[in-house]
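Each of the two complexes below includes subunit A, the first together with subunit B, the second together with subunit C.
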Partner chain A sequence: MSAIHLKSEIDPSFAWAPYEPGKTNPWTKAKVGHFYNRAAFGANWNELQEGFDLGPQKLVDRFIHPEEKQQKKIKDFYVRSNAQMRTLQKLLDINQCSAWWLSRMRQSPSPLQEKMALFWHNHFATSFAKVGNIGYMLGQYQTMHEHALGDFVQLLQAISKDPAMLIWLDTITSEKGKPNENYARELMELFSLGIGHYTEMDIRQAARAFTGWRVKDKKGVFEAKNHDDGEKTVFGKKGKFQGEQIVYLCLEQKACAEFLVRKFIRYFISEDLQLSEKSLSALIESLANQFRRDYRIDRCIETILRSNLFYSPLAYRQRIKSPVDFTVGMARTLESALGSLTLAETVELLGQNLFRPPSVKGWDGGTAWLNGQTILFRNQFANTMCKSRQPSALIANSKPKEDTGNSNLESPNLDWSTASPLPYILASKYQRHSLPEQKDFFFQLFFQGDLSPETRNHIDQFAEQLRNPDYPAHWSERHRQEYASISLCYQFLTLPEYQLN
Partner chain B sequence: MVIYLSFCGWRVTGSEKIVGKERDLKSTDYANTPLEKRNTQKELEKKLATTKPVFAAKKNDSSYADSNQTKEQSQYLLQLVPQQAELLVYIPNARSLVETVWKLPALQNGLKLKAAQPTLQSPEMLAALEILKFQEKTLGTNWPELLDQLAGNGIVFAAGPFPENSKILLMMQGKNEEAVAKWFAQLPGLVMSEMRMRGTNIPAVKIAVPEGEIIPFGPEFVLARSKSTCFFSNDRKILEYSLNKLKNLNKSKTDKVQTKTNEKSSEKVQENQKNNSKLGQAKSALKEDHSGSLSGGLIDRKEFISAYKARSQNSLLWIWFDLHPLHEAGPFKEQFKQPRDNFVLTVLFAGWFDILKRANYVSVTLGQQKEQLSIQIDLPAGREGQAEDVALHLPEDSKMIGSLPLLSPIGTMFSHSYYHNLGLYWTKREAILPKSIGKQLEKADEQIAKMNEKFRLSKILTEVGPYFRFVVTAPQKCDYSIEPTVRIPGLAQIISLRHPEFGQNLNDAVKAAAFLVSTQISIKRFEDNEDGVVLYGYRFPEKGSFPNDPDGIRFNFIPTYAQIGDQFIIASSPNLARELIHILKKENLKKEKINNSQQVPVSATPQQASLANMRLEFLAQGVRANLQASIQEAILQTMLDAGVSEEEAKQQTSQLLQYLQQLGTTELLTNYGKNSFQIRFIWNWSSK
Partner chain C sequence: MISRREFLQSTTIVGTSLCIPEFLSKTAKATGNANNPGNSDTILVVIQLTGGNDGLNTVIPFNDPQYYKLRPTLALKEAQVKKLNDQIGLHPALNALHGLWEKKALGVIQGVGYPNPSQSHFRSMDIWHTASLADGVSEGWLGKSLKSIRQGAFHVASKNETTPLAMMGAPARVPTLTSLSDFQLKVPEGPLAQLQKQIIHQEVKPPANSNITVANDSNSQKSNPASLLDFVRKTSWNTYLSSDRLQELGKSYTPKVSYPGLNVNPLADRLKICAQLIEAGLGARILFVSIDNFDTHANQGGANGTHANLLRQLSEAISAFYLDMEARGHGKRLLIMTFSEFGRRAAENGSKGTDHGSAAPMFLVGGKIKNEIIGKHPSLTETPLGNLQHHTDFRQIYATILDRWLGVSSKEVLGESFAPVACL
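Right, the complex of A and B next:
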């Protein structure tokens, strides 16, 4: 991680202005890789090349304003994927749901939407452990996915009535005379305003407004007979508020947009932005003013992704990869067809159990992802990936066909006699056969050529050792070649730099 | 070594070119030979017949028939096991075992499944195949001949004491000393080089000893070889003991040969011929060959000898386990007493705990006969001396039916038939149950009697017969307009009645229970007739709300019950109940004959009554039907698990369905003899 010890100052108007490549700050593959790591779940070799050719602004357009052809591809993908949801409910296994979502993240032609759905999943953290119904959890995911890059107002209203949320925060037990404060509190503290922007009285009064909600026929329904329809005072305003009005009242608070923008910045820029408090506040306020106008999530994210700040050293490799970023990113980069259930089991081991966040606060993220045990598991996963064998057809066809959305959906008749380890097969696909060629290939693929001289030296020395190792006598020549590829790739994937996003 | 042995059976030949009588064995890319193009077993045998191995095999060496010489030689291995062993695994002929398993149609067809390919191409599998190929090349012999040369006279694994500080001893004896010596010489290098590639360096220094050679392997393990016998242990003393024993045996054998050539030993030959039992063979061999050096061996222990004597001649694999440590183990001691505190264990396993308490060993035999593979577990304790609570699970009269025929309506996945005398919970509650449970039963009896004397608990327990049957089928279609989110298999319980008239009491009890339920949820009673038998049932409401069932699980069920003769059916759907009525009607006719007959077979077919007190059966056809009913789920699961496209997943699922069709049935039964108890597991893949 590049060391930034001093708190910097930055002009918000410059920070949020669109990045334009120049001599002192050219467009590089490292920036393409950075973009894909933040806006998606990593890039494969072809995507790196294409992204570089497109340039920064067209690359963002592809993600936020896709062309008609791309839109059709996205639509077709989600029609097919969504059709699986009903079957998914029948499996009665939340791990399969986790695997299914991870497969979407890996294969979706609209990865930014999945990335934002993941953001909202952490923001409106709801756990299957209490909800206990897969249909409700998938329904909530669908709501978040639908509005992921849409209107935050609609999203917040929908979540307030979502069956999983109603159960999770006990709104279904809240009734006139016995209001449950859980949802009102979390709405203000965690979902819209943040601590310090409401009073306990606001919470108590808002709780009365949320009485009368139940879950029937898999939907949130309002039962007037259980509702407290008396006058409430929230944020200094009086009225016979129901839940919907409380949501609007929260959105009217200045703190709401600022609270959310701060979270967007943590998610896309850095969890610990090295700016002075004054600069940070100005930065947030500037973007919050824009966001507050219409609460359109896509416009806010677009501003961030186009900005100078996004491509600055303040953002570059300043986040630690979450377990999802790490596993899905590795699978995408290596063009792996490894089963998503394995990915789901791995993210669970690494501490990010999809559909089962630890609490309503979600996952802490940042350095909390890394400890002695999780680093070991990350390395074990890298080992599994590098050693996993798959038929060459799965990688050879990995460039998406027209109108299909994804290669893995169109690769029948796999010939397992052609199977080889992933790094070997990938390097072969891109015509990197010798060890030095493979070393350079992985260097570009995983780090886009950006590593410290010390680290490069370490890798060079390792690659040199691989040229003349003491292989067992019973190993065939092919086995030796594959071993060298696996070892080299593994070295790259276990570098500390690879943990950074 | 263990890894090598376990992977031996997966090997098919690579692409070796046979030139005249020499073999041109190029090292082939281990990943490049498609499975489909590899030789079949027939082609392999044909190739072997035309090749000249580097080590010329002795006459009849390639045969894996259990010859006298093989038997005697493999018994030598048993004599090398110290008496502290509490677990012994014995494979008389490794090739026979491996080939039997390898030739199983289920395995051969399973290897062709697309879903199996990732496993067959896994790094571990390929590494094992590579090692095997290397061994074939360096030793100049192909599998399975290689297996004969290295382990043709048997493999023995022993371990103990348990649970702490356990020692292990693995021995294998080959038919070709030269091949064994060469293999043993390269083994440490092979293992060391593999470990080195995994970042572990294990030193191994050979030490020549009078008995052969010893190689300490790392801080814990020791390898040794003496002539054609190899040893592996985590304790040097154990290994040296076995080496010494072998040395003495070989010495005595040499002396014996000398004696035979010098004297006419007709008396000894006659004495040997008189000893027909394996015990006799073992003991007399010992007598002749040891002259007093018998102390310290497992073969001296009575419980081992009697188990060994009782084992089947044709066993492919035999396991013996000493139960004495179990008798001393804390957690089990509590469960052996009667009445035990854990009521649930009494209900489920009273018989088994009693047997475990009284038996001093358990032995397990694996065998094959035609289209059947069987595992038999034997314990030397039976009816004689049984505890009182065993009567729950066993008829008093040893000639009485133990279990009624297994039922198999369409789509049956699982069928269970067993004996359970509920009446004893009442009549012998003081002896069988903990005091507190007994008191609760009495209290419940009084309280229920206050509501209705007909439903008295004691009456129900004593009137319900001792024969129970249970079936699980593929999901049944229920006559609702709403499909449940998840389809649940069909279920039915069939209870025998001591007096058919009691069926009316049960009917009334069910009605009363349903009435109570209907105060909470609305259920609708119906009545129907099937071939003269009246069915009653209850439907769940399709409209309105239903507590705690958002996925409509209730729409899998229309609980139905009916009585036919002395059998009371409770089924999850009317369709299942109707089918069972027809089956039981036919059975009623047959049962009359069985009751009058003197002969009730133990080894009955599933469709017959049996002396076995518990039987259960899994039917692959039913599993297939169940999978068929959830085909979309299976396809999605395959996509997520294997990371394949929808089309590929459909192909794999379709293959799996076809594969299930030929898996046949697996049956488990338990049977008591006077002084024996047997659990038999039989897998039958016959297509009939």
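Right, the complex of A and C next:
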């Protein structure tokens, strides 16, 4: 990955130009792993190989311009998954909703769409804690999922009338003469412009324009009798504005595209890009000029995912895995059948409770994900994953058919005599039987062969000790082999490098 | 092939106690006291009220007719408030805090804020955490003071919380913990469990040339591209060492007073963990906890309801914690400070709630505080843009606490001098 050396200055036209593999900067499995970490939720063994065979541009095509056959597969998947959603609305359990979404991330044939829905959930962070209605929370998710890679203008307009949002930021109680400023403020500060690009008076005036919205029959409806139809002045323009026009006014501000592009870069490239402020501004401006033309989210993301910058050392392993990346990624890579409800409980412990972000600002992300407690919880999850037993039949099919949130291990047809710890049967599936073979397998699977010599040396030493430890006399040969697989796999998953995406 | 014994010798963490964060290898000095700051074992517990607490319905000018005009549905009547004097009273849900007032362990500072207040939650919170009005500051006032104190600190958190900006800039990243029992490194059970633990420690051990006690928390340093991996290593290293020590604690802790029931009052649960950390004598000097949901834009309630419930939690948690600590002889070592990013607009809005405002009161609790109301209540008639005006800069209070309580130069931490407030 170090083949191209980018300094703290970078030419925007080079940075955003499509990456083309060459002798000095070849296409590698490490790059495939990197792509899957960012555009999806990690790669499993077969995906690493497929992605390598496709090459960088065709890989992006598959994610953003799927072929007809793939399109049908995606459509079928979402028809089935949406049917499950209707059951969820009756269960009245927000943890089940979180599990359902996590299972989509694990299984969706269109993972980038889920990745972007998660981006928007963080951008328009709305919590069930206040909204209190599962139907509205899922409805908001559906809106974000629908527009996840679509048109930002439509998304921002839809969110401004979304029932969960109307409740979350108090628009439903805002009326003529007594405007509530909550939505107007966050629309400008967090959803479109960023602090410094509006005044307190803009907020107070815009708040008047959003008066009159209520939630009726599960929809956001505008009631003229509660609306302040007087003249308002926002960003220096005068008019009898309603909410919709305020949204358009925000979209017209130069700062809007820049604000969004900066967040896209944080999400797909790095949260702390090692560039001078001047160079970063030039990068943002260049891509914002593209985004502003049509506000097409997919086109902007496509540019990013194809770019030289995306595959540069400025991006590679330059993000901390979010709890969702960490748990869903581990489950996908290990081809685990563990129920998604366990994953939902885990992301909560790790600080990323889906449908319940801590505030309207969303999760801080980056280095904030890791503190003493969350590092220990991450290790505990890895330990649980390594020790979890499942019949090899489940792994041969690779993906659980119906993830209802509960464990897939309850099916009566499974042959329990073959049940073994996950790392053991995964290595067996790919014919890695001996300890050195397993060590190399995990090394390739999790890190695509890219770790420092010191780290490899530590692992080698541990594996050496695993060849013949003082096992208790009553441990069977099978028990010993399983222990070796579990503890070897766990050693890889607790490496500090594994925390990076 | 190397033998296991050799391997253990080469990777063991035993014998590296010089690398252990300084405070974990020290026991608190039992003889220190608050009369001798800097050479003492004084403790600061900071409680953050997240979301912007409505100061006007917390410390109430019940004699001011303007109060009732501004708050037609939310105002508390004179008969309801817990009076501190003939002008000012506490919200009735602060009954337990009023009990501390009568024990002379509560101080109230009115009208606290800063110039050109921001009404963004996030910007204003950053200002309080960094004690700076400048943009993009990456170190907090508590983190910076830990550079001089060179003893420990903890962030006792709920699941959804991340390390507060206030704690950034500390010599080693301040550990966050949510429960003592979960704060340990577990490995698969088997004959190599102990060895595996040691190698996991080894994998994150900072290189010999990087001294962890002076290396900076790399929150936003733009220096070398490997810094993200270094950050993970340092954070993990500090965590593993702390967890080893904490496993000895808390197993048999019995509070001297009863705390609100488990899970009824999450703030009280967190303060109880603080009590255990203090009682264990780890030498931790600064503790940080939060209570969320003060952003009461709608239906905040008066004597009962959303805001009252939050205040009751706050008041009962602080009271139980202080009384427990006092009964164990820590009362005079302890200073509890509350703050929120801003108060709320003087007038209520159309949603029976309140929008973002500015100046608000702070509470100090402890065995050595001045049991007084400091500063007058902000005017309810002179309210530019509907906001209460501050007369005391919060950095004056920080400065007072730094100089007179923690024994740290406030000028060094805050970058300039602020006039002290007679609150300690």
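As a convention for this text, the second predicted complex is superposed on the first by the 480 of 501 C-alpha atoms of A that agree within 3 Å, B and C clash if a C-alpha of one lies under 4 Å from a C-alpha of the other, contacts with A are read in each partner's own complex, and residues count from 1 in each chain.
Note that in this section contacts are C-beta pairs under 8 Å (C-beta built on N, C-alpha and C of every residue); 3 or more make two chains touch, one makes a residue touch a chain.
Everything numeric in this text was worked out from a predicted model, so none of it was measured.
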{"item": "Comparison of subunit B and subunit C by subunit A residues contacted", "value": "C"}
{"item": "Partner chain(s) touched by A:206 [first = subunit B, second = subunit C, both, neither]", "value": "neither"}
{"item": "First (subunit B), second (subunit C), both or neither touched by A:193", "value": "neither"}
{"item": "Subunit B versus subunit C as contact partner of A:339, first or second or both or neither", "value": "first"}
{"item": "Subunit B versus subunit C as contact partner of A:255, first or second or both or neither", "value": "neither"}
{"item": "Contacts of A:483 with subunit B and subunit C, given as first, second, both or neither", "value": "both"}
{"item": "Touching partner for A:180 - first (subunit B), second (subunit C), both, neither", "value": "second"}
{"item": "Subunit B versus subunit C as contact partner of A:133, first or second or both or neither", "value": "first"}
{"item": "Contacts of A:100 with subunit B and subunit C, given as first, second, both or neither", "value": "first"}
{"item": "Which of subunit B and subunit C A:91 touches, first, second, both or neither", "value": "first"}
{"item": "Overlapping contact positions on subunit A, where the subunit C interface meets the subunit B interface", "value": "387, 470-472, 483"}
{"item": "Subunit A-facing residues of subunit C, complex", "value": "1-2, 4, 7, 11, 50-51, 119-123, 155, 157, 159-163, 173, 175-178, 182-188, 190-192, 195-196, 199-200, 202-204, 218-220, 222, 224-225, 228-229, 231-233, 235-236, 238-239, 242-243, 292, 297-299, 349-353, 355-356, 385"}
{"item": "Touch list for subunit A against partner subunit B, complex", "value": "80, 84, 87-92, 96, 99-100, 103, 133, 135-136, 215-218, 336-341, 387, 389-390, 408-417, 419-421, 470-479, 482-483"}
{"item": "Residue numbers on subunit B that touch subunit A, as the complex places them", "value": "27-37, 114, 117-118, 120-123, 130-131, 133-134, 189-190, 193-194, 196-197, 485-487, 545, 550-551, 630, 632-633, 635-637, 639-648, 651"}
{"item": "List of subunit A residues in touch with subunit C within their complex", "value": "169-170, 173-175, 177-182, 185, 189, 195, 200, 272, 274, 313-314, 317-320, 348-349, 351, 353, 356-361, 363-364, 367-377, 379-380, 383, 386-387, 455, 458, 461-462, 464-466, 469-472, 483, 486-487, 490-491, 494-497, 499-500"}
